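Shared between the two complexes below is chain A, which pairs with chain B and chain C, respectively.
Up next, the complex of A and B:
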């Protein structure tokens, strides 16, 4: 056993070193920092729960929490509904595989676009001057004066931009789930004279229900923690109108250099994320069991 | 799921409507991208077709009062970063995935569970801690530091994926190689590694895409502009009023930046569509 152990750990050691030094140690450091008032001078001074008390007393916290819930909630509902609609259309109604694949590829374009380019695309579309795409279209159609769209509607803008990058993943997952539904279920329904609508609701949706809960949770996790799109398009502004929880941790730590306070904000989110992770692990186990049953 | 080859007239009409719906969905996406990248080929003053916006490829360019720094260093850093991260990630995760799928060792029960937890856990929440560790190791503000962080944060995801591929290789194949005089190491490199090529292709693809597009790690772990990569180079320019007024040059740069991604995308669409896009987003 000794030799086998050595052999296995020889294969594992690079992985273990990397993950320990730059994943697990940072996790411990982040949690520890949350209880200090560490700033750019990097002097460790433990302050107990000061950061958390400060967080709950800050009137902005409530606004940011509400923004986060609204952002995650609205985006998930939009993404899951869109995913279901697109997956059914692309996989069930379009029988021609190659045509379906082509449309899926188009949906994936926003997902594969580097975040920096993607954000400029939106900034250009919504440009406040007359040269922005939307302003040109509005002027052409209604003769409207140019609007500063991002300043006027920061929240809808980040939601739409996020929905567009998120929708491809769920569509692909649902699409392959629909493909794996046994054909005889559809045949039986057609023999019974079921309409297409009832096939969608009584065969497709029940068959992929675990995939739906998996995607909803997976998106929730992503939306709670991935703030790059918002950072690059509105940077949380104007004011804090589109600031979300993860982005505020970034702002506090990396812009204001209040590392301790930023870490405390992250830790609150980490607790939420842990709960979500447990739910995801359960959902993906069910999804796999559901898949094995078919 | 297949219907009978000869669909009824009703079926075909429904398919036509479905295609119509998808065209309506696709048009805005394609329109925005094409309209944006069209700027790259138009002279912003005259509106004529030109390749002048690509002058930055050969040297620095002047826009009324602002001199755009040459793209070269950023491009080189991006290439180095992407190649090193992808290579290391593939090699290290293959070694770990193989050990987890095939070898017996003490602690074998604990690691897969923690792997799943780490794979789901969003590493972005730990950037403050990563920054501190890199500072302690005196690696902050350097390309090496960001490379190490990028590898570490993506390793659990890719190891998780490749482990499943290794588990699917029949043990008999490897055992017969061992009987034929290979040791674990030669069996690994001569036999087993060839059986998981699709898995390797898939993790290198995701690794490439995420490394090439990564912005956040450079933004948080590098404080000066001495080590630009394409993501930060383009971002800095996009916040410059002069540049934003001249979307032509900007669109040309964005196009060059996106070109490798698009090429990879067309080569490997199938893999991307298999739905096992793992490892979380953003990092």
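Up next, the complex of A and C:
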């Protein structure tokens, strides 16, 4: 047994080294950096809790925190509801498996499209000038004057763009979960005269509830740390109207070159993410226990 | 046996991976070859389009070698070039990291907005001995920190007002009147307020779709208008200043242009560079403010050569105004520094001196290529520069050039300034609220001793 363990550790060691060098060490360095005023000179000068005090004194912090909660919350609700709707339609209502698979493949397109390409597409569609696609359509149909969509509605724009890129993963997970529900449950419901909607709400949703909580937490983690779409479409603006926490860390570190302050913002984010990871772990444990009972 | 083999292989794999992570430094040779020849390889690094800057250094090496030979020294200078086109922040960071790992280039282009980072990191050699009357007065201010000069200015790019001649013709100006405008501005006979009225008139009478345009992102151009309106952003000691009254005027001006008089498109900051350059080139925007060297990009966007561009676009100083008593052109020279860790400080310094002393041809070529005036007086008199169709119109501006000093914290200042400009033009914030927000952010983000609030 001991020899087998030694062998396993020996095989794992290169990867443990990689994980340590590429993930754990940078995380520790980031935490240490958060207590410095590291700037473009990259000279380390420890400043205690100055960065954290500054962060909580800044009136923008509250706005950015509210933006983040709103962005993550609204996006998750939209993503999970759309995921559920699409998964039920392509797995339960569309009986032809080939057709269902085709739709799932179509949903994957925004997810596998590079964020830059996808964002440029959005910028072109919503361009403020008369050459923007939406403005052209509005002008063609209603003779409307060009509208500066991104500047006027930055938050809805980034939420819609993010929702469309996030849909595929949850849909596929929910679809697989629906397929794993024993067929006899559906048969029994139909024999009892249950409507299709009752089947969805009384059989499908209760059976995949742990998957739903997993996807919601998984998406929350991704949305908290991912800012690429927002960066490319609105860059957090106008002002800080669409600035979220992770993007704010990026701006402070890589635009203003206040690496210490940017690291402090990231550390707060790391704490939030760790709490969410604990919740995910708890949800998975409950899922396993639920599975064991069944 | 198999298990032992697997174990050994795994250990070797781990060691191999670790070894792979270690960097192999490049060889920087500087050796005395047989025959007493001193062979020097200098690493030279540059960022962005204007490669005529490092090329001038490379060209100066031939003359330096000849001078050394005349003095009885047999020195062969070669260059290892590293020219990039990346974001300035990334370039700056690459240099700092290279310096920390002992692999910094000997000579490198400076991101002039951020020279403090290099100085604080101790990366730059003191070039104070370069200062002489061969250079345009005040040009070293931009690279001076705590009384020491850390960069050699290679040019004198002026930021000016652009205006479209066809726009003026459309409101009935004669060719003579149009040609006389830069002179009137120079003599203070035509003020900024009159210029703005003119922009509004050209727009109102259909001479242009927009009266005034500006760059789409953050940058120093806006600071010029702040100064025209009597505001300041630094004091005589080169310390950053938050001038509340000046900023309020500037923000009111910005807000009014986009929302009240509507001479500026409110969505200018959402447009790309190419769109704006095209607006200037085609006359869709009557006036524009920015660096003169942008005219190469403007001409390109309009499908013209710079010589063709000056048929329709002319340049003028920033006029005097009710709050600012004299016209001016802002100067932000581009420059290079020498690594404090170079093995050849004397040779690098001699190269820079050679450029200032006898290489006016290279600096004039650089100036003529990118459309800028030169930091060296003799280069400004070189026919390459004086006969350039664009530059010959603006050589008088050397007398009106105002070089901003290196200012700590300016990066944060311009970043916050631009954030407010975007919202003001969109009508999403009032000038008073913009001033208040900017003040709060600067108080939080800058050290108390690096900014004065007045």
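The rule is short, and it goes like this: the second predicted complex is superposed on the first by the 273 of 294 C-alpha atoms of A that agree within 3 Å, B and C clash if a C-alpha of one lies under 4 Å from a C-alpha of the other, contacts with A are read in each partner's own complex, and residues count from 1 in each chain.
Here is the rule we go by: a residue touches a chain if its C-beta (ideal position, glycine included) is under 8 Å from a C-beta of that chain, and two chains touch if they have at least 3 such contacts.
The shown structure was predicted, so the numbers you read here are calculated from the model rather than taken from an experiment.
In the superposition on chain A, A:65 makes contact with neither chain B nor chain C. Applying the stated contact rule after C-alpha superposition, one finds that A:110 touches chain B and leaves chain C untouched. By the document's definition of touching, of the two partners only chain C reaches A:41; chain B does not. Of the two partner chains placed by superposition, only chain B is touched by A:270; chain C is not. When the shared chain is aligned, chain B comes close enough to touch A:221, but chain C does not. Of the two partner chains, chain C is the only one touched by A:237; chain B is not. Counted by residues of chain A touched, the larger count belongs to B, out of chain B and chain C.
Of the two partner chains placed by superposition, chain B and chain C are both touched by A:254. Contacts of A:18 after superposition on the shared chain: both chain B and chain C are touched. Of the two partner chains, chain B and chain C are each touched by A:7. Residues 7, 11, 14, 18, 21, 42, 254 of chain A lie in contact with chain B in one complex and with chain C in the other. Per the touch definition, chain A reaches chain C in the complex via residues 3, 6-7, 10-11, 13-14, 17-18, 21, 39-43, 54, 57-60, 128-129, 148, 150-152, 237-241, 254-258, 261. On the chain A side of its complex with chain B, the touching residues are 1, 4-5, 7-9, 11-12, 14-16, 18-19, 21-23, 25-30, 33, 42, 86, 89-96, 99, 101, 103-110, 112-117, 119-121, 123-125, 127, 131, 133, 164, 169, 172-173, 175-176, 178-181, 183, 186, 196, 221-222, 224-228, 231-232, 246, 249-250, 253-254, 259, 262-263, 266, 269-270, 273, 277, 280-281. Residues 3, 6-7, 10-11, 13-14, 17-18, 21, 89, 92-93, 96-97, 100, 114, 116-121, 266-267, 269-271, 275, 411-412, 415, 419-420, 422-423, 426, 428-429, 440-441, 444-445 of chain C are the ones that touch chain A when the two sit in their complex.
Interface residues of chain B, counted against chain A in their complex, comprise 1-3, 7, 11, 14-15, 17-19, 21-22, 25-26, 29-30, 32-33, 35-36, 91-93, 95-96, 98-100, 103-106, 108, 111, 116-118, 120-133, 135, 148-149, 151-153, 155-156, 159, 184, 209, 212-213, 215-216, 219-220, 231, 234-235, 238, 244, 247, 250, 254, 257-258, 261-262, 265, 269, 272-275, 277, 280-282.
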